[in-house]
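Next come two complexes built around chain A: one with chain B, the other with chain C.
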Partner chain A sequence: MTGQWNWRAVKLVSALVYVSMFVPLLVVVVNSFHPQRMASFPPSSLTLHWYGEFFADQMLLDAVWMSTKVGVATAICAGAVGTLSAMGFVRKQFPVKKGLVIVMLSPMLVPPVIVGLASTMFFTELGWERSILWLVTMHTLIALPYAFLIVRSRLFLFDESLEEAAQTLGADHLTTFREVTFPIISPAILTAMIISFVISFGEFTATQFWVSRETTTAPVVIYTMLETLITPKVNVLATLVLVITIAIPIAGMALQRWLASPTE
Partner chain B sequence: MSSATQRATRVQDRLADNRYVRFLLSPGLGLLWVLALLFLPLTIIVLYSFYTAGEFGAIVPEFTLANYQRLFGSSTYPVIIAKSFLIGLVTTLIVLPLGYTLGYFLGRTESTWKPLLLGLVVVQFWVPIIIRTYAWIPILGTEGVVNQALLWIGLINEPLSLLYTMPGMLVGLVVSLLPFMILPVYAAVSTIDDDVIQAAKTLGASDWRAFWEVTLPLSWPGIVSGILFTFIIAAGAFLAPELLGGPGERMIAPVIADVFLGDFNWPFAAALSLVYFLLIGVSLYLFTRKADLEEALEGVSV
Partner chain C sequence: MTYLHIDNLTKRFGNLTAVQDVSFSVDEGEFVTVVGPSGCGKTTTLRMIAGLEEPTSGTIRIDGSDITSLPAYRRDIGVVFQDYALFPHKTVFENIAFGLKMRGEDEQTQREAVDEMLEIIDLEGYEDTYPHECSGGEQQRVAVARALAFDPDLVLMDEPLSNLDKKLRQSMRTELKRIQAETGVTTIYVTHNQTEALSMGDDIAVLNDGQLQQFDDPKRVYREPEAPFVADFLGQSSRVDGVLETPSRVDLGDGNSVAISERDGFTPGDEVAVFLRNELVSIATEQPSTGNVFEGIVTELDYQGGEVNYFVDVPSLDISVQVSTVVSQTDSFLEAGMDVWMQIDPSDVIYTRIDDQSRTEVSPAEAAVEQ
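Moving on, here comes the complex of A and B:
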């Protein structure tokens, strides 16, 4: 019965991997309710004290709001540009297509430190000051390959004869897209947007090059707090970010399922 | 309708039907985004790396090799770069068996909990790396969860120093990168037909042999994808060395950020980035000789 024992070993290692992935997150959440500054774990009692302090700190709230704005704008930009690119790559034939796909995906390959540093030098050379627009533009670059891949894999499954039928019936390109293509691929576009939001919301390594005092984001504030002042408020901020980055995709998927469910 | 608007509409129609205009919109817009915001800035790095660093962060556009002389003049920076790639390799070697095991489990299990278990891995992707990394501080510290548990069991008499050491940093790196191995391996393993494995066993292969000669080769695309992401992200890690590593474990990404944001020495930061970038390029070239880059990159979008 070696097979059963092997499978048990697989299950044991898998369980340990789950523990290693979730215990740290659990500790962060529990510590956000920890009464003491120097936390020993587990806490003997729980308090909402740090939540009170957190919501009284305008700087922290501003950072969360900034991340949300940048995330939403990135989701829209990366969703739109990713969809357009995916359509072009799936439907059209053009030279060096295989190489150009790698160009589209290259933001995944270039280390974020270099993406951050190169663009900062470039924009400074152009005289473009750090702003929220700068953040959205660059976060869109980072999220673009993911949005592109998600929409593209849906388009590979797409039955193109549906579009041909629409065009035979006299619809132009735009109408075909609006009435036929878009409704079918819209769940994939929504997924692409959600993933783009999550990537933007959590990005730190490149973003530290792009923020100014006025446009600082939640991950950058978490990092600054860890480096300078040791305050349990950081656990509250992290818990909030954790909840947002998990709740938004789940809400999005629920929305998708609701939209896809047959209506009477 | 006036003739002017008619003409405008006609021009619009002709533009909309023009191949080049349509190419420029789709897929051109995405390509332009990447070329203008990634490839063009990368050429600026080349230029800046030959500029002279003036005082107070000034950049003097005078050609110099000083940045490269400083970089290669002592062993400091070559060692940092080599160490980063080595850490990338070590992380990958730890992530591979752990991530593979869970990916394999998810691919082969018939549990009713499977969608939930899979979802729990996907959730890891959503949570920012900074949170998944700093979360280890209260766990690995001298007063942390691990030390308290070990002291309580009686395995140790004094707390171990885990935080701000190489092992501590590796723990953070490995756990944060596990999902990049788990999901592509799961995707590959779940497409393997159970009949193929059964056939091997019917022909007399032991469980191990069936695994080594059938399952493992068929899950190769997932493994390759996981290795690519784990290696590149680990070698370029910023947060794990900064938050969990010791002062002796300097890695290239934090060093570049320090030179750029701390010392304001943009030319030297550019030279460091360029050397680092070229080495990543070499790694990717070696990778493409063994595997398909596009396929490997697709691996995470399951």
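Moving on, here comes the complex of A and C:
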């Protein structure tokens, strides 16, 4: 009996956690259709007015486009570097390997505000101007530990006799990677890329140090808009950011299922 | 004609010597089994031949040319792995054709070779299935086909049957021999299973502790083992140590002795290990008139249907001898506690010289027990 009550309590608490997570998101989405500038909740009617305004605002569109570009580039860079470093850490033996793993993971451990501040001071000292390249570099650094961990855990499970089999059949190291290793670990690499994209797309705390007028990203714009001019367009932007960060992983999972189908 | 030549092959991992000075040669078209307990170096030897492990010293030659320093992908040696190592993301066709594709063969050639292999392994129509859709026995055959399809110089098999259940293992044993005979490819087959080694090999290499104990045809290895380890590992027997008194008699101490048949290379005074094979010892309640006769007491019997194993204490030799006897429907059984006579022909007694290494040897019987 108590077991059943405990189980109900667990369910109730879980439900409360999810409600408190999703209701605020829902408010933002609903308010993006709100007819009044000063939103009262719930709205009396719904309108697409602010969407029209949003898509007429070049500055906002540029920010979303910038975030998308940086996110895609980060996904590619973190995916590639994460895969290569995971291969090295799993397959090769070298001194101070354990210590270097902590170095690899450190961007995950250092508070983003410190990463933002420190890198800005450093790059400024070097005379590097804020640019999209700067953003991609730093976002890759922030996403890299996640990409690394995801690919590494897949490689731990990888049966190396498959690679040996390929070699005895005449495949050199590069061909073995292309024909055997890569196709088998590609779902993990894809996951790493999706996570990297989502991290990059939503990163705000450190990113605010790195953007210039030309390279401002969606999360930074949302913050700036709230500080300066209160316009419901910010709800539209927030909704859009939300939709993209949910849609990309779902699309990724679908792609993954399709990729993995023969081996299931 | 010698085809594969292995010369003083040695592999050390740090302080551990996995394989030490192993040398043997294999003729073209021959099927050689390499047998030994786990950790004896048999898999390491195989991996060195395949090019997956670099030897510390020694050479490997195929058909006269030294391949010791060639990487695996330039060797033309097919390998069947213990866990098959089929590519999970490739179809049966793509798996079998992989070796040909790597050699730049066109679609047509690949198709013909795969068709031929599928016919040999009796899996026609499996081209488009994936490995996970095949049963264990089918995966095993695909792995064999993949190793054979590109017409390799040599095929190596690393305990390929150990993941199959006993019945399937039996039939795959025959199947593998048939495929080998059909393709005529020189094959080296690693196993820890003595029955498999004896029944499949044209020749057997017995390894222990990284050293080659004997390389011979199965009958000689079984009948005239050159080291106590070989006698002990292959078959079930009881061991008594003694000293050769005359060329045809071994003194076992305490006034006991056993008659043996004379063999070259032994001189009186040699320390020898005498082995009484379970199946060559007969047991009776009346004293037999010929051969070596020992008195004993039955301590236990192990009924296995078609045969019975008796455990008999022999107080005079201070050993316990196991005797396997075939029983017919009407035979009566001996019982524990009964006094019995055991008899073995001098020509059935197996003996080997004891060298320094094998004096302190522990019984490998546990490792030899069929899984």
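Miscellaneous remarks
Please note the rule applied: the second predicted complex is superposed on the first by the 261 of 264 C-alpha atoms of A that agree within 3 Å, B and C clash if a C-alpha of one lies under 4 Å from a C-alpha of the other, contacts with A are read in each partner's own complex, and residues count from 1 in each chain.
The rule we apply is simple: contacts are C-beta pairs under 8 Å (C-beta built on N, C-alpha and C of every residue); 3 or more make two chains touch, one makes a residue touch a chain.
All values reported here derive from a predicted model rather than from experimental measurement.
After superposition onto chain A, the modelled positions of chain B and chain C are compatible, with room for both. In the superposition on chain A, A:111 makes contact with chain B only, not with chain C. Look at A:167: by the touch rule set out above, it reaches chain C but stays clear of chain B. Of the two partner chains, chain C is the only one touched by A:184; chain B is not.
Looking at the shared chain after the overlay, A:28 reaches chain B, while chain C stays out of its contact range.
When the shared chain is aligned, chain B comes close enough to touch A:122, but chain C does not.
Contacts of A:175 after superposition: chain C is touched, whereas chain B is not reached.
In the superposition on chain A, A:215 makes contact with neither chain B nor chain C. When the two complexes are overlaid, the chain among chain B and chain C that reaches more residues of chain A is B. Legend: residue contacts after superposition of the two complexes on their common chain; A:101 is shown touching chain B, with no touch to chain C.
Taking all C-alpha atoms of chain B against all those of chain C in the superposed arrangement, the shortest distance found is 12 Å.
Contacts of chain A with chain B, set against its contacts with chain C after fitting on chain A, share not one residue. For chain A in complex with chain B, the touching residues are 2-3, 6, 10-11, 13-14, 17-18, 20-25, 27-28, 31, 38-41, 81-82, 84-89, 92, 94, 98, 100-122, 125, 137-138, 140-141, 144-146, 148-150, 153, 173-174, 198, 201-205, 208-209, 219, 222-223, 226, 234, 238, 241-242, 245-246, 249.
In the complex of the two chains, the chain B residues touching chain A come out as 16, 23, 25-31, 33-35, 37-42, 44-45, 48, 98-99, 101-102, 104-106, 117, 120-121, 123-132, 134-139, 143-145, 148, 171, 175, 178-179, 182, 206-208, 232, 235-236, 238-239, 243, 252-253, 256-257, 260-261, 266, 269-270, 273, 276-277, 280, 284, 293-294, 297-298, 300-301.
Touching chain C in their complex are the following residues of chain A: 159, 161-162, 164-172, 175-176, 179-180, 183-184, 262-264. On the chain C side of its complex with chain A, the touching residues are 50-52, 71-79, 81-83, 85-89, 91, 98-99, 102-103, 130, 132, 146-147, 150.
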